Structure formats: structure tokens, C-alpha cells
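Some structures are shown below for you to check.
Common to both upcoming complexes is chain A, partnered first by chain B, then by chain C.
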Partner chain A sequence: MNSIWAEIGAVVRKEALTEMRARNGIATSALFALVTVVAIALATFNRTIDKDMASGLLWVAILFAAVITLPRVMVTEEEQGTADLLRMLARPEAVYWGKCIFNGCQIMAASFILSFLFFGFTHVGLESPGLFALSVFGGSMGLAGSATMCGALVARAANRAMLAGAIAVPLLLPLVALGVSGMRVAIGPIEADFVYDAGVRAVIGLDCYGIATLAIGVLIFPFAWKS
Partner chain B sequence: MIAVESLGKRFGDRWIFRGISFELGRGDRLIVLGKNGAGKSTLLKTILGLAEPTEGTARLPEGDPRNSVGYSSMDMTVYPFLTPREHLDMAGQLRGCAPRTDELLGRVGLAEATDRLSGQLSTGMRARLKLALAMQAEPSLLVLDEPGAGLDEQGRRVLDLIVEEQARRGCAIVATNDPGERRLGNLELDLG
Partner chain C sequence: MEKLIKYLKWLFALAAAAVTLWSFTVPDAAGFQQPEFARVFFWHFPCPILGTILGLTTGWFSYKYLATHDIAWDVRAEAAVELTTIFWLVTMASGILFSELEWGTWWQWDPRQTSFLLVLLIYFAYFALRGSIGDETRKASHSAAYYLAALGPTLFLIYVFPRLHQIAESSLHPTQSIMQGQIKGEYAYIILATLALASILSAWLYRLRVKAGLLLLEEPSYGNLETNRSDTAHPPVVRPIRVPDESRE
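Right, the complex of A and B next:
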């Protein structure tokens, strides 16, 4: 039996080469990020954004940048007719992990670019870069796992968009709640210790949620992929 | 090598095919005939496990199906942003077999196009690439769905040689609605 790592590597390489040449995901994310941040900057021109509001706005932007691009990774395979080729060649676990790793890296890159633009344009400060990085890391894992799983579940359905929404909402709500709480503490400043502790717990919860999403996804994915 | 028993597939109330049974041994080449919509492609996908059968079973050759079965179909598309070389390298890595990239691309007549993006290849060249991918692991069962579609005269000769070679190694199933491709087989199944 072939090594699963070699198979995952082959799927990641395929995704990366395709993205490098087609530039669908990154270009869409970057464009969306720029438009969102410019819109926020114009709306708040000459005013200071409330820190609570800033963490919510940033997470909304990250979420939408992910949601408009990530499910395409699975759906495109079905639409362009390459899914059967991949089914004949790769184990479902390799497809899942390969796509999750690629999706995770893509959303992490998009999140950091978006955040860089956001902090630059809005002049909102960042108090705790470590917490911020952990928050983006956990959020990216959770989004990658959710998007890959949702994509596989809806890829062959006729009314994909509606079905994807119905499946994604309950998966993404806890992710957003934890993400916003964590980001709020990362942006700071925090007046009370217990608020800081709650924020740290939210970031830990976010990372655990990301890991749990990935773990559940690997159990569900083979059935969605094969049937 | 392969045994299909009472295989049936239904979409809604309509049976696409039903009660299909056959066995193939080494050297057998089954031609599946039928007009458009007769269910040839669905039958092949059901045999391969790419579609769930409504009833019946299909037993494939022993071993990892990624290596024991080769499949090429009109429905199946290659990745438009990968080159033929990258396709075969990736497939070899996924299957855990030698990629045989230059040998296979030479055999199907793609030696000059190894590093061109597949999206820039003609339909016939992409069909040849799919044949190369199907043959890569020297499978016991080769399943070809409309393999002649898009192939020129030289491509059809390559196809003849591939099916002949497969008969020496194992068995093959070829679905077609081209009467000329009946030459490839020694057994026939007509879906009407």
C-alpha cells in the first residue's frame, strides 16, 4: 500500500499547481479583501472604530473571503468532470487531507493579507499578535474543514448554493462566535483580567473547534465523496 | 477476473438497465453496445463503484482497485491546468506505482506535448492522455467508455494496440455506439 503522506502530498501539489496557474481562489479572495477593507475605511473615515466593532468586522470579512472561494475547491472537481479521475486514483482520506491542507493555507494567507490591509487602512491597533495569530490559525483550520466537508456534501446536488448554506450555518456560527471573542482580546486593550482570560479561552476553544471539525470531516468525507 | 450478477440501476421510477450478469476471464474483451441514453456509461460506472447499484453486485479483480482497474471515459476530464507529464507523475504517486511517464506518453503519441497544459490540448490528445492514465498501473481490468471519440486514424490504431495488449494481461470492457469499434471485442452486450 502506498504511503498516505505521499498521496496527500500529491493532492496538495495538484491543488497548488492548479491555483498557481488558474489563480481563482487567491485572486477572488484578494479582490474581496481589498474591496471590503476600502469600504470599511471609507465608512469610518476620520473616525476611530470601536474595538468591539473592529473584531466583528474583521471576522465577517475573513469569513466571507473564505466562503466565496473555498467550497469551489470541491464543486469545481464535479463541474469540470475531474472528480471521477481523482476518485479512481486517490483514497478519500488523501483527497480530504490534501484539500484541507491546501484550503487551510489559502485561507490563512488570505486572512493575514486581509488583516494587514484592515489594520493599515483603519488604524486599529493590535495588542497581542500571538493571540491574533492563534485566532487566525484556529479559524483557518475550522473554515478549511467545514468548507471541504460542505463542498463534498453538496458538490453533486442540483441546488448546491442553498444546500451549502443550510449545512454551513450551524458549523460556522460557533466558529464566528469564538473567533470574534478571541480577536477582540487580540486587538485590545482589555480593562479587566477576567475579560482577557475569557478571550484566551475563546482562542483555545477556536483552535479545538478547528481540530474537531477536521476530525469529524475525515469520518464523513469518504461517504460524501464516494456516494 | 470480474463477475457481474443481476446488476440493475434505477433513477426514480425508470430502470436504466436491469438483470445484467456476465463473467470475464483473461483475454476477454466485452463490447457494450447501445444507443445514446441506453445506460452504457452508467453501467460502467456502476461496475466500477463510481455509482451505487440499485440491485446486484459487481466483483472486481483482486487488489487495490486503483492499480487493478484502469478507466477512461468521455465524461471524465483531465485537469486543464496540469500538463500530461504532471498528470502521470501525480497518478503514479497516488497509485504507488512507477509513473512510466515518457514511455506511456510516447506510446499514445503525446511525446511532443508532455509539457503543454492539458486545457490547451485537442479533444483527441486529451483522450490519448486518459488512455495513458488508464494503462499506467498495467491493470487486470481496463474499462473504456467511448474510447474512439475524438481520436484520429493514428489514435484508433493506438487504441487497437492497447486493447490487444490488455487481452494478454487481463480483460477489458469497452462501451461504444460506434459499430466500427466492435472489432475490439470478442464478446458483446447490447443494451438496446
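Right, the complex of A and C next:
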């Protein structure tokens, strides 16, 4: 029997190869990022977006980019009839971690592209790149964990495309709230030390939330995957 | 036995009437815009406590289902989650009413109101998931898994998020009423009485709901002959369709 690491590696490789062949997820994420940022830039044409508004808008865009693309990795397995083969070849934990790693990388890349476009189009500055990167990293972990889990739950349900978003978004909103608090400070201006400390606390909370989401997900995923 | 239950129901009704009357005889609370309407608090306070207890109980039932795959645990979880949702809705409704009376607006996106709305959305999502899966076993396991995954965010939204320093500062909703001993005297006794009555009522409703759910399980099943509205066809499955025979016309 293969080690769990080999199985996780195989799942990540399979996802990456499938993605490179079809380019569905990355293309959809990139297009979504572009459309969202253009829509925001158009809606705020000739106006300055303040930092509170900017952090909220950016996180909402990241959230919806994640909800649109991430559950697909589970849903397509069922639609293409490959899920049973995957069930036979890999342990549920390996499938979960493999899909989460792939989803995490995908949403992290999408978030950075989206943020880059957002800051470019809206002329909002970034004062603390470190805090911003940690915020996106923690957010990506949480988004990947929850969206993968929700994708597995809705994969064989009716109206799964809509349902994936409907059940994933409420679980992800606490994460978005923490992300917005951290991003608000990262965008700046940082007027005092205590403001920066509050941002650091929010980002640490976000990273812990992401880790907790992954930890709970791996315990629960096998029940959804095997049934 | 039936006679005893009948007497107990009457006793419960009398107790509910007595507590309601009692709540109107206590002096108006101090420090409110409209002190007489502060009595909404008698229902606003016990409901989230019961909701939390029932919510945690649902988590236990969901775990038991996943551990044993006994469908009776799913019936219990469904009954408990329905009651939890009712208590959250009463909390939300009484909170909205209180907001209008004390703060002059029905809804003001206060962090506590908003976090509670998110909790309700999680519960609605749970029901949406249940309604979208036709197969009973899969419905039970998926909804149990979703509930356990959602338990952490739910507790975070109710107990942690509103108490975060930045959030608590911007909220009008008090967070330390019990800790600071603000609820005392007759007000505390009435809240305890309301809590006891609501607990008895919820235990009774839970028992009825579980009984009905278990009876429904005993209904004869017609397997594949029944139309399942929740499931979609598996993509490789090709369903036969009737083609009009033109040669007969």
C-alpha cells in the first residue's frame, strides 16, 4: 500500500494535469477576477475608495471567486464518473488533502492576481505587504478547506452548482470578517502601533481559523466522501 | 397515563399564564428608552441559551449518526435542528423588535445582529442541503457532516465574534449582562421561569417530532418505483423516452 504522502502527491499531480489540460479553473478565476475588478473600477469611476471599503470589496471578490471555482474539483469527479475510481485508489484523507492543496494554490494565485488588478485599477495603496500576504495565505487555507468540503457534500445533490455557493458562503463569512480586518490595516494608512497590532491579531485569527477549518474538514470529509 | 399527561398540559398552560402575568407586575426596568417594553428581554434572553443547548445536542446527534449509521440519530438531529432554528428565529425577531423600541430602527447592521443573521443563514443552508439530496442515507450523512463543519463557525459567530475588541466597541448590544450582575431580583427569577417553561415546551415538541420522524421511517418504501424529486440523473445514465410512432397515424 502506498504511503499517504504518495497518495496526496498523486492527487495533487492529477488535479494539476487535469487543470493544465482543460484550464477551466484558472481561466474562470482569472476571468472572474478581471470582470470583478473592472466592475468595481467602473462603479467607483472618478471617486476615491476609502480603505474600509476597499478591503471589504477585495475580500468579497476573493470569496466569490473561491465559491465559483473551488467546489468544481469535487463536483467534476462525480459528473465525469471518476469519483469511484478515486475512492478505490486513494484514502479519503489523501483525496481531501490533495484537493485542498490544489484548491489552496489555485485560490492563492487567483487572490494575488485579483489584488494586483484591484490595486492597479482602483489606485488604492498597500502599506503592509507582509500583512497582506499573510491575510491572503490564511484566507486561502480556510477557503480551500471549506469549499472542498462543501463541494464533496453537494457533488451528488440536485442543483449542485447553486447549492455549493449557498452552503459554503455562510461558513466562510466569519473568515471574510477576519480577512477584512487584517486587510484594512494592510492597506493602511497605519496611524499608530496599536492599529498595526490589531491587524496582526486579525491575521493571526484568520490563519488559526484556516488551520481549524482544514483540521475539522479532514475529520468530516471521509463521511461525505464514502457515503 | 393519558390522564396524567392531560393534567400536566393544563399545569403547563397555567404556569405559562402565571409567568406572563408576573412579568407584567414587576416594575419597569431602569435605563431604557421605553422601560415598559424592556419585557421583550424575558423572551430574548432564554431563547439563545436554549438554542445553544439544542445546537450542541444536534452536534452530538450528528456525530452519533456518523459513528453508528443508525438513522434514528438523524431523526433526532433533524428534530433538534428544527427546534434550534425556531429559537434562533425567536431571538432574532425579539431582537429586531427591541432594536426598534430602544434604538429607533428595526435593523441597523449592528455586529451582533449581523452575526446572528449569518448563523441563521448557516441553518437555512443546512435545510437547503437536506432538501437537495434524495437518498436518505446520503442525506443523513451529508447533513451530519455539514452540521459538524458548521458548528465551529456558528459558535464563533455567536460567542467569539461579537466579543472581539474592535467589534464590541462598535456594537450597541451589551455582551456582559450576566458577568456584571446586571440581571438581578425579580427580573432574574422571571427569566429563569421563562427558561424553564421554554425548556419544557421544547422537550415536549422534540419528543413529538422524533416520534413522528421514526413513524415516517416505518412507512413502506416503493424503492425505484417512486419518483425522487431531489436527485438528478447521474450523467452517464440515459433515461428512455417515448418517441411517437408515426406509422400508426
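One rule holds for everything that comes next: the second predicted complex is superposed on the first by the 214 of 227 C-alpha atoms of A that agree within 3 Å, B and C clash if a C-alpha of one lies under 4 Å from a C-alpha of the other, contacts with A are read in each partner's own complex, and residues count from 1 in each chain.
Going forward, a residue touches a chain if its C-beta (ideal position, glycine included) is under 8 Å from a C-beta of that chain, and two chains touch if they have at least 3 such contacts.
Worth saying up front: this structure is predicted, and the values here are computed from it rather than measured.
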First (chain B), second (chain C), both or neither touched by A:L171: second
Which superposed partner A:L17 touches (first chain B, second chain C, both, neither): first
A:A224 touches, of chain B and chain C: first, second, both or neither? second
Partner chain(s) touched by A:R156 [first = chain B, second = chain C, both, neither]: second
Which superposed partner A:D197 touches (first chain B, second chain C, both, neither): neither
Chain B versus chain C as contact partner of A:D52, first or second or both or neither: neither
Chain B or chain C, by number of chain A residues touched: C
Which of chain B and chain C A:M88 touches, first, second, both or neither: first
Overlap of chain C and chain B interfaces on chain A (superposed complexes): 80-81, 227
Parts of chain A lying in touch with chain B, wherever the complex brings them together: 1-3, 6-7, 9-11, 13-14, 17-18, 21-22, 80-82, 84-85, 87-90, 94, 226-227
Residues of chain A that touch chain C when the two form their complex: 78-81, 146, 149-150, 153-154, 156-160, 163, 166-167, 169-171, 173-174, 177, 181, 198, 209, 212-213, 216-217, 220-221, 223-224, 227
Sites on chain B touched by chain A in the complex: 45, 48-50, 52, 64-66, 69, 71, 73, 75-82, 86, 90-91, 93-96, 117, 133
Residues of chain C defined as touching chain A within the complex: 66, 118, 121-122, 124-126, 128-129, 132-134, 137-138, 141-142, 144-146, 148-150, 152-153, 156-157, 161, 165-166, 229-232, 234-236
